[in-house]
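Next come two complexes built around chain A: one with chain B, the other with chain C.
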Partner chain A sequence: MVGLSVGEKHFIQGGIAQDLRTDGRKRLTYRPIFVETGVIAQANGSARVKFGGTEVIASVKAELGRPSSSAPDKGKVSIFVDCSPTAAPQFEGRGGEELSMELSAALRQCLLGGKSGAGAGINLSSLSIVDGKVCWDLYIDGLVISMDGNVLDALGAAIKAALSNTGIPKVNIASASTPDEQPEVDVSDEEFLQFDTTALPVIVTLTKVGRHYIVDATSEEESQMSSAVSISVNRQGLICGLTKRGGAGLDPSVILDMISVAKHVSEQLMNKLDSEIAAAEAAMEEDS
Partner chain B sequence: MEFVSPEGLRLDGRRPMEMRQLRAELGAVSRADGSAIFEMGNTKVIAAVYGPREVQHRGQQLNDKALIRCEYTMANFSTGDRMRRPKGDRRSTEISLVIRQTMEACIMTHLMPHSQIDIFVQVLQADGGTRSACINAATLALADAGIPMCDLVTSCSAGYLNTTPLLDLNYVEDSAGGPDVTVGILPKLDKVTLLQMDAKLPMDIFENVMQLATEGCKAVANYIREVLMENTKQLENRRGV
Partner chain C sequence: MAAKAGAAPATYSPSPTANKKNRPPIFTDIDWIRPDGRDFHQCRPAFLRTGAVNAASGSAYAEFGNTKVIVSIFGPRESKKAMMYSDIGRLNCNVSYTTFSTPVRGQALDNKDISSQLHKSLEGAIMLDTFPKTTVDVFALVLESGGCDLPVVISCASLALADAGIMMYDLVAAVSVSCLGKNLVIDPVSEEENYQDGSLMITCLPSRNEVTQLTITGEWSTPKIHEAMELCLDACSKLGKIMRSCLKESASTSQE
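Up next is the complex of A and B:
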């Protein structure tokens, strides 16, 4: 994918070993983060996030649906990611499908928790309207516009920003329906409830190159990786999900070390992201 | 349904011969050779150009000119009702073809034999006129990539509803079932490279509607030229010339 000469490969690996990467960053430094909210007018919430040369858009759409019989008091959330061919020519046609599936699955693991919905980063109970009858279905769509490494973290950040931008319409339930009937609901188009995103985790991907690991790798650096571990950590410092990618095996003690580093880095990322989201929201209000 | 009020205003408050607000931005995709965002009102598309580069499938290589390829994709969230459409459906394939043919008309392909140029357009928001918006975005992206072109192709649509010719239809007007004329022109050479119409229309009215769409194309061309000039000035400043 990335064409590198032997010299360039050595330069990248040597730089990482000496804690000075090709773009001048240290191993645990992020590229500049840029957040813009409300970019898609038709969605309930949306955000565009840039991590250096990586750019993604996330949109949230809420639709009324029926809760599943196994979890009648919870709403449903589905996450889909698409890789646009604008990001790389090899995504043309069905070329991006494999990566899209991998990213969607990783995001589901990191944000949605188990099948029962337990341990989810998104509070599914808040999406319930009438137990067992009506609930909100949240469709979260991610779109990769431009790709320069670390797409998963960017998608996680974009989803967090989009959800904090999401207004879910207030619903009035017409009472006096028998317990068996589907209740009539009236969706308000004026009043919106803000979605609570304080519990939403951020995703930190540590990419292992040589003996060291780095955050926010560029495509060039990712081409040199042996393996990568994506860890989602919430504000309390709890791990909400974890996925490992890449071929090489990892020593269990290294994984534990990576987790503690990720926990430390996630605090900085979370604070940085929160301030960027707040700034984006403020800028949007100024515009309107 | 009434699409033009007695006061002469359309559903979104425009006059019949008024275009939606245009906005364009160059260099939206950092890894691409050229890219642009183009907005016409609520319609928003991104175009990215990769190339000229080596031909990927040897069998497609052309010995006397460059191979142009184009793909049109719509984001899941681009339409009002969310839908997950399969890739490569008939409509996307048709629009890809239309964009490719339109761009081929202006790219000086004979200067780049044995090479390939990829144009990818991604619709972020669809509110009518995606075809035109994609062509305009592709023109800007090609210019940003520095690909030799004989002119800037621009496109605009016009329709005919309530016995009034309307410029630049939005989604509601587009789905009203009236005729929809999409025109693409080479403004400097004054040539039409794209012309599509559905539904029927008397000859004399068609002439008016097409004239209106052509005027729209010229307005878009002026805007695109301004954006490119502004961009070049900025580049010049950065180089310190």
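Up next is the complex of A and C:
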């Protein structure tokens, strides 16, 4: 909760109406983005992402598992987000549960595509090892360390960076196995396969304050919002998911306008993120 | 309920002729026959009744094909002591599935996620400032899950809220479409939902033409979103009319 005086509220709203926000940004400008990869040694891939005062960590762990009977040729991905009490005191105990659940659901919706698996950012078929027997279970965990608005976009970016950083161990399958038996697999600890992240979308949240919408809102600005629409857009400019938060209703034409703005903004964000991720990967290799 | 059983069930479908489309639909190839033989843009017949539960302040029962839902409203009543003071009312939503609602026992979807979606769709329509310091409980039970559960729960809940006399800006109508290959099918059944490439759900206030919630999954191009939204909004306004007539009917029978 942000405690603001009436004057401060007017200042924020007035600034947004005049395209000059309290920190000097324009409505569609992001805060400085910082990406660091390989921050967790035990994980297959990890990244730390900062959007101004918002800081999140994402880790990717791959474990061998059995594919579900309904989709024998696919691996499984589970996404969970944890809101640490270090980010805000109200997350203590079960307080962060509601936000965690909302964020995980939104990320799942944006990254995993439809039921048939079409349009998914993560290709589940690439996680299959032996059809119906062995597959990779990918556990993607997000952690909110410090919160200053726009957490969902930051988590989306962190997961993208973590997956770019992910190496899935190469698996050799022992050939002599009868069809009924569980095949023996040998997981290599030297050879890793790079995870393909070209299809991963970025998430752009447009926060509506007054009659205008802004990207990358701080928590002060979020406290003044009437509604927010999170749109995930992939490299082809296709919409991969959309959710709305906040009580106030929107006119259908406004939503369509927001979608076209988000498509425009996502291009810049995608390029910015890609160059940041590449720089972070290069910096990590230099260290090692 | 039994007293009103004689009334003809209200059905609706955004008939193809009424679709005032000024541009031709993008997807014309038909390579799919729907399991229940409907047209792609034809909704299931809707059966709606208010006053299903006596103990509740308001309640409604909805049946869309095989999807059967019952919603009870309790309150406004005093918020729990642990809650902080609030000058606007609180809305507490809970959706649960019966164990026999799905083909495989106890294989229902995540209740918490659906409950929070129900909350998000309704909060924009209710005048929360009319009942400060109190809570309205919305309890939904899915008796049978036959596809499109969430939209049916939302529409049924708004009808129950109206039955309970909770002040709202408008009724909330919800409709979803599934994308199967090139085709957009409205009001999908479970089988279609299991094979869908993407889905789009709109909840809106039909007379204000305001969208309270929109969720999209899967990969969509902008023209496809346009077409799906148009289709949903058209269906929502028709569903809204049926909900309205259901309320009028129950009001006139109670006067007699």
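In the analysis below, the second predicted complex is superposed on the first by the 287 of 288 C-alpha atoms of A that agree within 3 Å, B and C clash if a C-alpha of one lies under 4 Å from a C-alpha of the other, contacts with A are read in each partner's own complex, and residues count from 1 in each chain.
Please note the rule applied: contacts are C-beta pairs under 8 Å (C-beta built on N, C-alpha and C of every residue); 3 or more make two chains touch, one makes a residue touch a chain.
Owing to the predicted nature of the structure, the values given are computational and were not obtained by experimental measurement.
With chain A as the common reference, the superposed partners chain B and chain C fit together side by side. Contacts of A:42 after superposition on the shared chain: chain B is touched, whereas chain C is not.
By the touch criterion defined above, A:163 lies against neither chain B nor chain C after alignment on the C-alpha atoms of chain A.
Within the superposed three-chain model, A:92 lies in touch with chain B and out of touch with chain C [touch as defined at top]. In the superposed model, A:134 lies in contact with neither chain B nor chain C. By the touch criterion defined above, A:241 lies against chain C but remains apart from chain B after alignment on the C-alpha atoms of chain A.
Of the two partner chains placed by the overlay, neither chain B nor chain C lies in contact with A:215. When both complexes are overlaid on chain A, the residue A:59 reaches chain B alone and has no touch with chain C. Angle at the C-alpha centre of chain A formed with the centres of chain B and chain C, after superposition on chain A: 120°, rounded to the nearest 10.
Of the two partner chains placed by the overlay, only chain C lies in contact with A:249; chain B stays clear of it. Per the superposed model, the minimal spacing between any CA atom of chain B and any CA atom of chain C is 11 Å. On chain A, the positions that touch chain C within their shared complex are 98, 101-102, 105, 109, 113-116, 118-119, 227, 229, 234, 238-245, 247-252, 255-256, 259-260, 263. Every residue of chain C that touches chain A in the complex is listed here, in rising order: 110, 112-113, 116, 120, 123-125, 179, 193-199, 204-205, 208-222, 225-226, 229, 233.
Against chain B, the residues of chain A that register as touching in their complex are 39-43, 46, 52-53, 55, 57, 59, 61, 63, 80, 82, 84-89, 92-94, 97, 139, 141, 143, 145-148, 219.
Chain B contributes residues 28-32, 35, 42, 46-48, 50, 69, 71, 73, 75-80, 82, 84, 87-88, 118, 120-122, 124-125 to its touches with chain A in the complex.
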